[in-house]
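Next up is a structure, given as structure tokens.
All chains are identified by letter, namely A, B and C, in their written order; residue positions are counted from 1 within each chain.
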Amino acid sequence: MSEKHSTLKLIQNGLSKHPESVLKAINLSVWINDSLILNDINLYVKRNRINCIIGPSGAGKSTLIRSFNRINDETDGLRAKGSIRFNGSDIYDKDVDTSWLRSRIGMVFQKPAVFPVSIKANVLMGIRHHRKLTRLEELQVSEKNLKAVSLWAEVSHRLDDKASSLSAGQQQRLCIARTLAVEPRVILLDEPTSALDPVSSKSIEDLLIRMKQNYTILFVTHNIPQARRIADELIFMCDGKIIEAGPKKQLFNHPRKEATKKYLGEDICDC
Amino acid sequence: MSRILKNRLFSGISWISLGICCLILVFLIAVIAWNGIKAINFDFLMSESRHFGASGGIYYQIVGSLLMVLVAALISLPLALGTAVYKSEYLKNSKLQMLSDSLIYGLNGIPSIVFGLFGLIFFVNILNTGISWFVGSVILAFMILPTIVLASYQSINSIPDHYRESALALGMDKWRVITTVLLPQGISGAVTGLLIGLARAVGETAPIMFIATAYSGARYPDSLLEPVAALPTHILALAQQATDPDALQAAWGASFVLICLVTLFSISALFIRKRTQILSER
Amino acid sequence: MPALITDKVGKNYVLFSTLISAGVIFMILLMLLIYSWEAITQNGWQLFTTVWNPPAGQFGIASMLYGTVAVTVIAVALAVPIGLMSAIMISEILPGRYRVMVKSLLELLAGIPSIIYGLIGVAFFSLWIGNIFELDTGRTILTGGILLAIMILPIIITLSEDAIHNVPDIYREAAFGLGLYRHEVIFSTLLPIARADIAGAVLLGLGRAMGETMAVMLVIGSIDRIPSPVFNTLVPGQTITSKLGREITESAFGSVHFSSMIFMGLMLLIIVLGITLIAQRFIKLRSRLYE
């Protein structure tokens, strides 16, 4: 595994042709049981930005974001063609260790799935499998990451309580904290606020804006106002294809495609 | 140990476990089929057993087993349907619901030999029926009761409330609603449960071996209070003389026939369940 | 018939069937209690000694209790690890299309009547055990335990597979998303979540093994004694069920002998009922019972 690390570092240090792009999909097509879900996707994910994939439901947004850390591998009947490059090397290479990949590219899902253990144990769930922690480190890691998601003040006095005792919004922030604890470079978020109330959503949005200094963020939403609030880069998807991608301002103010204008303006998609 | 190695080890152990299970399965099926088919012919199926089963056939054993389970079905079905309807339509107190659940699961969990003891005490001795196939049927009926109750309860209870409400709104009284709206649906669940219960009942030995069967000489019973021959107890008798190759051969033959009966009941259950599922999806 | 009367008759019919169905279990308990009363009053604590000698009026059931516990422990110790790993394999590793096939095969296995397991035990297992360990007879406590393990494997696999499979996918994805390997996902997230249902599955298997009669009776050797040392299971033994199966018809109805046998039945019933009801608290086996 250490060899792989060093090769990737080498690539990271100079060989990469798109220094501003950490992650890119090249000619990616995905089928589930012979129906085409993603059709020839080419996408650059910009470093230290909030890259926001937007589009109507059924556009393939989730399938796309789930391809980036190969969590799709678990889906029955799924087949992919093309490649995804992370710091220059193909993540679909057969000797890529998915565990290592997913520790570099973390993911937060639509529904907060807290494990039925304590709050602290939830934060440590990922990291403690990747490396041995002492008692002290455990506390340090918990504190650091809970602070990073602004949950520390609310839970510091009850780290050993069941995580399920938290509210939905707190649970989702806990899920982000445990993803951060693994120290990824990229964080994928698949509609992380769609199951939450407006106040909790707002706090997660603020959190993402703060996080982009240290992480590259790829974010899926079908909520246009949310995209307008937090996105830097916008990728508009429809029917398994990327219709238009570019900086947020450009897509909102001067879209090149009629479909983009119609979707962002009226929330109607007719592609 | 590195994590990758552990993961490999884990996969290995999982494969081995499933492999062991498959091996057992293949062994059991092969042994029963191979030895059974060798032992079976028309004569074996259609003639009376002789020399305590070591020669001759198993005709009366098949007859006795079928008679007992079919009568058990006749006893059990109306009881179970009534119980299921009561539980679904009349029993609204949640404490009583829980109690009834516990009683049903409890009845289902009673070891089969205890049913035999109960039959021996209550019917054979207290009611003084003597060894009787009908008592065997009654006991088997009690054994399969929970399965049928739960199956029919589920299918009755899964009927959406608006069917009941609209039938009541048409001016039907409760019993009319039950017989015209709920029972037709409940019956298919009950029959599925019944067939699964029969698949189990036909192979049961412990509950009937003291109270309902004779090991030799029984033919068609003339009354309710006579013993019959039955397949499982016949296999038991033969297995106890397993050192005699003829007896063992006959035991395999009888086992094969018994498995066929069990499978017949199970597959019919599966078929009915499939069919009703398709119907209810329309 | 006027509608009002059929309504009433109907209601009475369903009430009456419910009372009968519910009454059976009490009736069974009551009968066993009444007919074991004589043994309890006559023998008292003597019932729990090791000597069973009807002509001498000695009715100690300790050997049978030992045998029952021993075969059950062996069965569970063998069946739980293999069954649980197989369940994990079926639910988490095997592609979905094989899952249904494997599960229907398991149901086939579960449908084999216990007397046929007994026959296979007599014809094969006891001979193998005899040869492997070079014993005078292969009809031993271990043989009974192994046979029981095979018999309860399907129920343990089926129920614990259901339990694991029913854990929502969001937990799997969350755990994989943190970079956990498959075994880590299973052992540190899925199994803890499915814990209660798996415990229920194991308990049900345990109850099944304890109450099983025919297979055990044919292979255990039927000698009433506790081996020395106690964990030497390569000798013939006796369980409650095998004792009942062998000897109940030899005892006269109403005798102390008969009553002591019924007392054993009562003990068995209470233990197995207890286990079943605890298991039921752990899992909702409602839908499984008739599948």
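What we mean here is this: a contact is a pair of C-beta atoms (placed from the backbone, for glycine too) under 8 Å apart; a residue touches a chain by one contact, two chains touch by 3 or more.
Bear in mind the structure is a predicted one, so any value in this text is a computation, not a measurement.
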Category of the chain touch graph - line, ring, star, complete, other: complete
Pair of chains joined by more contacts [C-beta pairs], B-C or A-B: B-C
Intercentroid distance (Cα basis), subunit C paired with subunit A, Å: 49
Centroid distance [mean C-alpha coordinates] between subunit B and subunit A, Å: 54
Interchain centroid distance [CA atoms averaged], subunit B/subunit C, Å: 17
In subunit A, residues with contacts to at least two other chains: 99, 129
Set of subunit C residues in contact with two or more other chains: 181, 184
Touching two or more other chains - residue numbers and ranges from subunit B: 3-4
Residue numbers on subunit B that touch subunit C, as the complex places them: 3-4, 6-7, 10-11, 13-18, 20-21, 24-25, 28-29, 31-32, 78-83, 85-87, 89-91, 100-118, 120-122, 125, 142, 145-151, 154, 173-176, 178-179, 192-193, 196-197, 199-200, 202-206, 209-210, 232, 235-236, 238-240, 242, 248, 251-252, 255, 258-259, 262-263, 266
Complex contacts: residues of subunit C adjacent to subunit A: 95-96, 168, 170-181, 184, 188-189, 192-193
Residue numbers on subunit B that touch subunit A, as the complex places them: 3-4
Subunit C-facing residues of subunit A, complex: 69, 71, 74, 76, 98-103, 106-109, 111, 113, 115-117, 125-126, 129-130, 175, 178-179, 182
Residue ranges of subunit A touching subunit B (in the complex, touch as defined): 1, 97, 99, 129
